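Letters A, B, C, D and E name the chains as they come in the text, with residue numbers starting at 1 for each one.
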Amino acid sequence: MQHQEEEDDIQDFYHQPGEIPGQINIQEDAVKTQIRLVDYNETYLINKKDITPQQCGEFLDTQSVSWVDVQGLGSPEVIEELGRVFELNSLVLEDVVNMAERPKTEDYEDQLVIIARMVMPKPKGSGFYSEQVSFVLGKYYLLTIQEEPTRDCFEAVRHRIKHNRGIIRKHGADYLAYALLDSIVDGFFPVLERYGEKIEDLEQEVIIKPTPQTLRKIYKIRRQLLKLRRAIWPQRDVINSLIRDSGNLISDEVRLYLRDCYDHSIQVIDMVETYRELSSGLMDVYLSAVSNKMNEIMKFLTVMSSIFIPLTFIAGIYGMNFNTEKSPLNMPELNWYWGYPLCLGSMGAIAIGLLLIFKRRGWLDNASSLKDDNP
Amino acid sequence: MQHQEEEDDIQDFYHQPGEIPGQINIQEDAVKTQIRLVDYNETYLINKKDITPQQCGEFLDTQSVSWVDVQGLGSPEVIEELGRVFELNSLVLEDVVNMAERPKTEDYEDQLVIIARMVMPKPKGSGFYSEQVSFVLGKYYLLTIQEEPTRDCFEAVRHRIKHNRGIIRKHGADYLAYALLDSIVDGFFPVLERYGEKIEDLEQEVIIKPTPQTLRKIYKIRRQLLKLRRAIWPQRDVINSLIRDSGNLISDEVRLYLRDCYDHSIQVIDMVETYRELSSGLMDVYLSAVSNKMNEIMKFLTVMSSIFIPLTFIAGIYGMNFNTEKSPLNMPELNWYWGYPLCLGSMGAIAIGLLLIFKRRGWLDNASSLKDDNP
Amino acid sequence: MQHQEEEDDIQDFYHQPGEIPGQINIQEDAVKTQIRLVDYNETYLINKKDITPQQCGEFLDTQSVSWVDVQGLGSPEVIEELGRVFELNSLVLEDVVNMAERPKTEDYEDQLVIIARMVMPKPKGSGFYSEQVSFVLGKYYLLTIQEEPTRDCFEAVRHRIKHNRGIIRKHGADYLAYALLDSIVDGFFPVLERYGEKIEDLEQEVIIKPTPQTLRKIYKIRRQLLKLRRAIWPQRDVINSLIRDSGNLISDEVRLYLRDCYDHSIQVIDMVETYRELSSGLMDVYLSAVSNKMNEIMKFLTVMSSIFIPLTFIAGIYGMNFNTEKSPLNMPELNWYWGYPLCLGSMGAIAIGLLLIFKRRGWLDNASSLKDDNP
Amino acid sequence: MQHQEEEDDIQDFYHQPGEIPGQINIQEDAVKTQIRLVDYNETYLINKKDITPQQCGEFLDTQSVSWVDVQGLGSPEVIEELGRVFELNSLVLEDVVNMAERPKTEDYEDQLVIIARMVMPKPKGSGFYSEQVSFVLGKYYLLTIQEEPTRDCFEAVRHRIKHNRGIIRKHGADYLAYALLDSIVDGFFPVLERYGEKIEDLEQEVIIKPTPQTLRKIYKIRRQLLKLRRAIWPQRDVINSLIRDSGNLISDEVRLYLRDCYDHSIQVIDMVETYRELSSGLMDVYLSAVSNKMNEIMKFLTVMSSIFIPLTFIAGIYGMNFNTEKSPLNMPELNWYWGYPLCLGSMGAIAIGLLLIFKRRGWLDNASSLKDDNP
Amino acid sequence: MQHQEEEDDIQDFYHQPGEIPGQINIQEDAVKTQIRLVDYNETYLINKKDITPQQCGEFLDTQSVSWVDVQGLGSPEVIEELGRVFELNSLVLEDVVNMAERPKTEDYEDQLVIIARMVMPKPKGSGFYSEQVSFVLGKYYLLTIQEEPTRDCFEAVRHRIKHNRGIIRKHGADYLAYALLDSIVDGFFPVLERYGEKIEDLEQEVIIKPTPQTLRKIYKIRRQLLKLRRAIWPQRDVINSLIRDSGNLISDEVRLYLRDCYDHSIQVIDMVETYRELSSGLMDVYLSAVSNKMNEIMKFLTVMSSIFIPLTFIAGIYGMNFNTEKSPLNMPELNWYWGYPLCLGSMGAIAIGLLLIFKRRGWLDNASSLKDDNP
């Protein structure tokens, strides 16, 4: 249902006034929690599915990198158990579970918490999925928590770990966190690409054939760009603060990579703002184009009416029933030999005269010619 | 009365030029002052209603947390007595009583004064109540002052204290102040949710069936979002300055909780600004939609007029009374055997020709089809 | 004359290029200078009118507070004498006399110069008076200079001094300066209140009955809010810089009071900006409302024209003069027994059919119904 | 030619890509260079015209103030010679000659270079001249370079030097630089005054009689205010940086005067921004006023059409030629005794009914009445 | 194809989510890589074409300046070899090859990497080429990398090196980098000049003869200015950070030249912003002008209709067939002696009356007269 779809576009999850801070509220439709573990260093790799938090606990203190990948938030007891195993602050747990937090980062003594927002284009239609991903980065582990188990943009990173591509297996958990963050930021590009294409289509449509549909599409794009913007701006700040003040959990080399990621986030912002300006310009163009179309319609009506109204008036004159026999002044034209031809002739002359006036005013131009024109 | 309701929307209480600073002006319709006291620590709880300021005084210096909850500002002598008991600066008293202060915080030596603004959705209709709440935080007490005794958003906190839920009974007065501030900030969400729903309704209405009513609704929402915005922006600054410079009355742990509250206030601001942009976009859409509707009307008029005007002209021609007997040139068609059918036939040809022109220009499309379309 | 009135709205006094700095230019219509002196401390009070600068000089070094209140700038020799008595810098004198300075503050060694702007609602009509007030604050004296002797917003302060209300007689010249500044800032509220009322009236007018008058009123309000804004913004900066860097002429206690005054100035700014946004929203509403009204007019025209144009065409058909005797094909209907009733019947059918079409399109709704609707 | 005039409004001189930095490009229409020297101290004054750079050189190291006033840039060899005499950096020379630099200041060891922009109202028409003035301030000399010899706004300063008015002869070259800068800043006021008057005229015109001319005038004002804005904003920064970081070439006393000049530049900016807001508001008003006018036209058309169309239809009915003899049902009204008066009467009744409807809708009001109204 | 052209206007190259950082992705249509070397000092000059990276390597450590100019990115093995020879970080190589980076600068220990964006006007049509140029500045060498071998804006610099013009041969690699950057910044001016001319043309067109074409042109200009803006803003920051924090690879003297280049970039930004404001103003003007034109059309229609509709009605009256023989009340006018002349006379009187009304309302003015008017 379309209305439903738009509804979750605009409304965020929101905090109940007065609720106890650090409390975990599971949403009704949440999916059962699944935990995947990838433990690796340069030479070895373990990959486990559907394990329990306790089982994870064994890997946390080994020097190999342990990526605990939690998907689905439907099992509060598992989440709480995770909180105990990873020694999470209750506020952190709340943020992780409430799926509408603003991207942010918080530095606890030996943990770095990052809340990020991941977008993915919907396979059909025009929208995109927007999902929160939380990171808890420790010295030798990375915990990631996401809501929806069926989709994310981390496959390429998993593939790089599995097949030992690039330098990911040579670095620690901080590099892994960077690689995932970078996937998230780069994940904005395919979504934006789609809006770029749409804006281009609309640019054609809005001038050549503006309809109320066009208007709705422009508004929808503006709205979704607003949503993207709300997701990417704080993300940029998160990355920036990771580069600047993230303590010793992030090595200097990874900081260098984060600068690259930061540049990408700026580029996303640049594109979002550009598209916003373009779509806002399109609204102006739309309004002007609708006025133009009205002008065209009015011109047609005016030309038609203005030509035939005087002619009809003349015809009306000679349709009057004044009695020609009572007076030689009463419509003697009706009895002239050339009466009818003269009448038709003067009508033609009037029509031609008016057409000339309209031509001089440019009201006879075919405005649709723009379609073939090379602007 | 509706006009009345809008009036108190826009107008603030204002300061009389030249009035003595620190003077208490009681508004005429103010309600009698009532004082409630909750005194608690982890193990014990006292709950008193309708007590006097002097009675409160006894609890202030005990190490248990004393929450003095003042409601209604109609009894100036009680207010002044409170001022004496709590040793309030006269400027503080003035701010507390003048119910249209901007949210702010001021740090007196051993007291922290916070002026906040609480919003609550009206049970019926579209507006919201907006009420000032003042906090005076001391080492072992919290004084809260609000105008209206019948409603506030503190019930959940009272419940947590009464039933010892969460950690509130384990902490001091600073945590209580945080819990109430958090209730106030989270209290913006239900109000915003309502506007979110309204904006969604208007998004449908504005394209499918724009009326002057729609315009009025959009303007009203913009206006109330403006009001919300004025309430939440300084609140964010208040919380931020509590986190940064609030002296030693607020413990480091509570400061951590306040950061969470700060995040919520940012989220409120985000939503307010998003809704403002959406409602401003709706105004553009409205204007375009009205133009569209005009186009549709004009197209109909133009099609009808342009088809029948030439036909009527032809009928007018053959309604002329030129005397066919005086000249063979005078409308001989009238006497032809096929005259009438030929005339009707040419009329039909003209009508079909014009319809084809209109079809090519797209003026015969039914613009209302958009209702069923999947955009 | 209205044009005249608007003229002094928009144009400032301006500096002649190349003129000698510190030069005093008296405007032609300036009023004769009058000097009032109030000298007081907690126990004694002297009140003198129409004295000379020299007479003032005697009071300056006594420890009682001397308020020298100069009104009218028409006597350059008095002004210059004042400059000598108070040892004013020539640039200060120029600023004091040129009545269109921007509010600012300058710190000379043992004098603090404050240029402020005072607004007062005009007794009739919609505008407000805007007048410059200059302060020169010394250790034991305050010199205030204003242009217009007949009105200011200092009466309440004079009353407090005379009748020893509040704490004004217990403090020094810095408190007096604060009390006057506070009067000036609070003086913006009654002016703003008026615009608040006007905006509310316009909100009704703009949707229900928009006329060119409405447009003019909206524009006028925007313009005057612009003027208010230019007056209050720098005033806020003045007060802020008084709080922060005003040397030892202002005591810490008065600084506390100035913070209160600063809060009021922020509140004025808040209201001005809100009203500006509202009035700018009103302009959008106006444009939409005018379009709406045009729609209504066009709908009426279209309904009337579209119904009668085809009917008139049919009547035109049967008004043709084809000769029914020459051919059985020539309008045999004219001679049918049921010809006329059938003709009228088909006309009625067409009219009803068109009305149904219009009804389905919603063109028969009465748009004015909004007046009684509860939005 | 008007087009020509607008062209130089918008286009700046621009730098050729890849050109050698510090190269002097003389524009083709440049005027022959003339040098004037004024050398003065408190007691003596020398005034020379048409001297050579070498002759100037002799005066530079004397302790009297030497003002070398260069006008016209058409003699590159003179310019280069000047560069040698004053030991100018090649980049400085380039900036001085390229007449479209942004105002800026640069601090070389014992020279201070200031690029300023001077505006002067055109004697006729609406525009203003905009010309670059460059200052090179040394310890005992000031070099000023301008493009156009026939006009500048320095006459008042020359007069003050010549007749020893004010304190200019008592101060050094830094005071002279201040005096000229102040002339330049104050020179914006007469230009702005003109736009203030124009905006006031347009305020009348735009509501009472909006024409396409009005639109063009508004656009032109906006454009020229944009140009003024580009000139004054960097100028303010220049003065500000002179006050703050200009080394020891500027004495503390002159710095005080520069603060006054800075205040004036802020005032200019204030006015420019206010006028920009007003003219942008005028554009909105224009659009609304045009829509209003269209409404008025449409109302007239609708009233005329809607009244006569039904009447003409009735007349058409009774113009039909149904044969009354063939059937008593065929238009018996034609043969009634009261037929014609009844017909006319019903027409009148319809017309009156429609007029009443229009009156109730307010379509008969004369919108032009606003001209006489007192808003 | 036009659509294609616009497509690459708006869409950037974008990063694949999850791709390995530092990976080189060659675009399919990339051109074969060519390397040019210019090695020079004040007295000697070597110029080599089509050499290999290894051959370049020999020149890097000599004290003469080596400019390695790489064009075309189609040969990944050459690029990688370059990376090895110049010891480039893998992230740098990625940035250099991905042709849609934002301008930025990064400081590696003994290398300074600058990503810049070069624009060049297209020889035909209205657009411009936009191409990334990367600089790697070492102590004795400068590596520049661009995508497209056939065009750049460095010819003037090459010419200056070859013919030893200016001071370029006397300075090091940092001066060369400055000279090229300056060419890039100055290369914005010819592109902007084109838009300046177009805006001027549109200013004429939009008021005198607005068509949908005009609308499209305005939108296109806004869009391309947006693109220019995105290119120049970060470039300014790059130059600024070079001036402020670029370590010891850039000498103080070159820093001075960079300040000049910085001024030019500010000037470009100024012009871009001015043109953006002007083109946004043009959109408003366009909308107003279209409304104006509609007014003109409606006035014509209204005048024509309003005059002839009553006349046609009168003619219709006397075309009715009331039987004058059955009653003396039935249209006796038809049998009057002066019937017909009286009828025509009253028609003429009505027409003249209506024309007078229209004249008073100003509906008969010829709005096109503005073309010849001197505004």
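What we mean here is this: contacts are C-beta pairs under 8 Å (C-beta built on N, C-alpha and C of every residue); 3 or more make two chains touch, one makes a residue touch a chain.
The chain lineup, named per UniProt: A, B, C, D, E = Magnesium transport protein CorA.
For clarity, every value in this text was computed on a predicted model and none was experimentally measured.
Chemist: Subunit B-subunit C contact: same residues or different, taking over half shared as same?
Modeler: Because under half of the interface numbers appear in both copies, subunit C and subunit B meet with different residues.
Chemist: Averaged over CA atoms, how far is the centre of subunit A from the centre of subunit D? Could you give it in whole Å?
Modeler: Centre-to-centre distance between subunit A and subunit D: 40 Å.
Chemist: Measuring centre to centre with CA averages, how many angstrom lie between subunit D and subunit E?
Modeler: Inter-chain centre distance comes to 25 Å.
Chemist: Multi-chain contacts only, two chains or more: what residues does subunit C have there?
Modeler: 287, 291, 294, 298, 301, 305, 309, 312, 316, 319-321, 331
Chemist: Record each chain of the ring in the order reached, setting off from subunit B and passing subunit C first.
Modeler: Loop order (subunit B start, subunit C next): B, C, D, E, A.
Chemist: Which subunit C residues qualify as touching subunit D in the complex?
Modeler: The contact residues of subunit C facing subunit D are 2-3, 6-7, 10-12, 14-23, 91, 94-95, 100-102, 104, 106, 209, 211-213, 215-217, 219-220, 222-223, 226-227, 230, 283, 286-287, 290-291, 293-294, 296-298, 300-301, 304-305, 308-309, 311-312, 315-316, 318-321, 324, 331, 333-341, 343-344, 368.
Chemist: Per the contact definition, I'd like the list of subunit E residues that touch subunit D in the complex.
Modeler: By the definition above, subunit E touches subunit D via 153-157, 159-160, 165-166, 168, 179, 182-184, 186-187, 189-190, 192-193, 196-197, 199-200, 203-204, 207, 256-257, 259-260, 263-264, 266-267, 270-271, 274, 277-278, 281-282, 284-285, 287-289, 291-292, 294-295, 298-299, 301-302, 305-306, 309-310, 312-313, 316-317, 319-323, 326-327, 329-331, 361-363, 367, 370, 373-375.
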